[in-house]
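The next part holds the structures, each set out as structure tokens.
Consider the two complexes below, in which subunit A is the common component and subunit B and subunit C are the respective partners.
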Partner chain A sequence: MHIVSLAVVGKKNNPLYIYCENPKKKENFEYIIHTSLDFFEENKITNNEKNSNEEKPLYVGLLFPVESYRVYGYLTLTNYKLICIIDDTTSKNEEVGFFMVDFHKFLCEAICNPFYITGSPINSQIFHKKIIQRIKK
Partner chain B sequence: MSVSYSLLEQIIFESVHYVIRTVHSQSKVLDPEETNLRVKIATRFNEKEEEEEEEEKKKKEKDIEKDQDKENQKEKENGKKKKQENVPQLEFISSKTDIERNIINRLEIIGYRLGERTAERIAKNKPRFQEEVEKMRFVAKDIWTALFGKMVKNLRTNHQGKWMFQDDDFKLIRNISFTLSEELQNVSHQQNTRKNQQKQKQTNTTNIIMTESQKQILQSYLYIPCGIIRGALSAIGVECTVTVICEQLPDCVFTAKIINKK
Partner chain C sequence: MSKLYTKLGESAWTKVDKINSEIFTLTYGEVVNSLIQDYETSEEVNAQLDEMGYSIGIRMIDEFLAISEVEQCKSFRDTGEILAKVACKMYLGVDAVCKYWTEDDSAFTLELKTNPFVDFVELPQKYKDLWYCNIICGIIRGSLDTLQISVDVKYQKCVLRGHNTNEIRVTLKSSNKENSSKKN
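Then we have the complex of A and B:
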């Protein structure tokens, strides 16, 4: 599972944290993340019967002629959106699901920092390190 | 218990944070008048002393009723001037100064951030909320058990955006006591009524009836839980204002009024 980019988007659809493996392509990933927000809204409206913490695969298809990505989303009860862009066609939903649960756990710990102001970008270095460690597994 | 320890930790961190903030922001030294005011707020127990202080402050007539009327007028004026969403509207208010409002605001914000963070932690494995009722139940059951070890006793609504959480034995104010003379006053007043005797026989808790001034002081302990409720609800997505009424000592009713944004 090759994760290319991660993002945390807050309640008012403001980006709180963006991680890109390749910093040169950061703008492209930001665009993809922005488009994926629409899918979260659609999901809210259409699906009234849901189980907890949802994830859905988003096929972006051949955005780039060279590579194709898959975008996975995860919506917490407190309206934080976790977005994960994967560059691998062999990855399974379950694997990504496990990763999202860990991601949510790290986010929780970062938010519980008493010096963190809700709605502001997450600049915690520990959060960043934990994510990088988790990605390498 | 690991959860109660983390609550304490958070409270400590919050208070430290605010101390640091105030030290940096308020570079000026407090006036002696302000310090006297704070001392007066903290040591107001006797009604007579209160009246004297109010008279001194206002420099007006000595009738109690007239003072209260003027207090109410001042309340309204102050309420109109300062409409802050963070400051809850309270039931028993005497003339509040800027400093008092500032303190109330800060206490409420401490509770607000506590509520947000506990909601975040607890809402990890819960199913999604379909209706407003479920969100209120989440606060009443899950957050209350996590923070105070028991659920809210009674959750009511008036179906028009008002929700009331009634806790029979609220943990944070359960062990508050008064001076000996006051307790005797309270107890003698209490023993006269039959209803209270019956109540005491039914429940094991002894509910203490308080005087007005005691209730006002008790309010200062109830701003943090108001904030907790407001924070937890806003984390889930319900904007509201929270007030609290406490007639007898461990028995509180928190009312949350939902703000409808159209």
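Then we have the complex of A and C:
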């Protein structure tokens, strides 16, 4: 599973954290992340139309494919959007799902820092290190 | 003797009520945040935390002595051992160690490898002079003060500042030797 970019987007669709494996392509990925936000909205609307007794999963799954990448999304109940851009076609939905759960856990730990102001960009070095370590697994 | 203290520490730990560590850590984090907003410099916040700890310590000592059932200390060395093996275990659930004793047993360093106060915390650059857990220093000072042992307690190393462990230096200023204090 080759992750090329990760992002955390806040409730007001403001970017809180962006990771790009290749810093030169950062703008390109930022654009992709921006377009993926629409898919979260679409997903919300289709979910609202469904029977509301059904459990809505946090892991949205594959949002859309673009160029040679696939974009996966995860929406927390507090409206944080976790976006993952993957470069290969061999990765399974579930594998990305497991990664997203860990990503969510790291996000929660970063938010628990009393010096972190919610809604502001996440500059935590520890958060960044955990993500890098997890990606390498 | 230290095996006895370890046992006492573990039995005291089982006797006390416990709460979820996250609620404790988050509450303490907000206390520190609130102090930072009220006082401008890290030094003032450190001093405030120490004062708060002192207030806690003077009350905590009685409860400690009642629950832990430790006996009278014969020397400051015993005091240090009890502080590390019984008190830290009972209140923080942490196994602490006393080391770097001076020759005349008048000062030691309390080392805590883990510290429940600092879970999730990352100190930003502008507060790099802050001793986040300074409240512990105040608690130690307050409890020992109530036992007529006057000490100077200072944080030396903290994991939040990049050190690999937490160390607190406790130095004896004076003690009422005739009373030969019961220890905390």
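Just so we're on the same page, the second predicted complex is superposed on the first by the 118 of 137 C-alpha atoms of A that agree within 3 Å, B and C clash if a C-alpha of one lies under 4 Å from a C-alpha of the other, contacts with A are read in each partner's own complex, and residues count from 1 in each chain.
Note that a residue touches a chain if its C-beta (ideal position, glycine included) is under 8 Å from a C-beta of that chain, and two chains touch if they have at least 3 such contacts.
Remember, predicted model here, so these are calculated numbers, not experimental data.
A.B. asks: Let me test your reading of the model: by the given contact rule, A:T89 touches which partner, first (subunit B), second (subunit C), both or neither?
C.D. replies: neither
A.B. asks: In the superposed arrangement, does A:T78 touch subunit B (first), subunit C (second), both or neither?
C.D. replies: First partner only, subunit B.
A.B. asks: Quick check for you: in the superposed arrangement, does A:Q125 touch first (subunit B), second (subunit C), both or neither?
C.D. replies: second
A.B. asks: Contacts for A:F115 in the overlay, against subunit B (first) and subunit C (second): which applies, first, second, both or neither?
C.D. replies: Touch partners of A:F115: subunit B and subunit C.
A.B. asks: Looking at subunit A, does subunit C or subunit B touch more of its residues?
C.D. replies: Here the partner covering more residues of subunit A is B.
A.B. asks: Considering each complex separately, which residues of subunit A are in contact with subunit B in the first and with subunit C in the second?
C.D. replies: Looking at subunit A, the two contact sets intersect at 112, 114-115.
A.B. asks: Okay, in this complex, where on subunit C does subunit A touch?
C.D. replies: So the residues of subunit C in touch with subunit A come to 22, 25-26, 29-30, 32-33, 119-124, 127.
A.B. asks: Could you list, by residue number, the parts of subunit A that touch subunit B in their complex?
C.D. replies: Going through subunit A, the ones touching subunit B are 11, 48, 50-54, 76-79, 104-105, 108, 111-112, 114-115, 118.
A.B. asks: If we count contacts the way the header does, which residues on subunit B are in touch with subunit A in the complex?
C.D. replies: 10, 13-14, 17, 113, 116-117, 119-121, 123-130, 235-237
A.B. asks: Within the complex, which stretch of subunit A touches subunit C?
C.D. replies: Spelled out, the residues of subunit A in touch with subunit C are 109-110, 112-116, 124-126.
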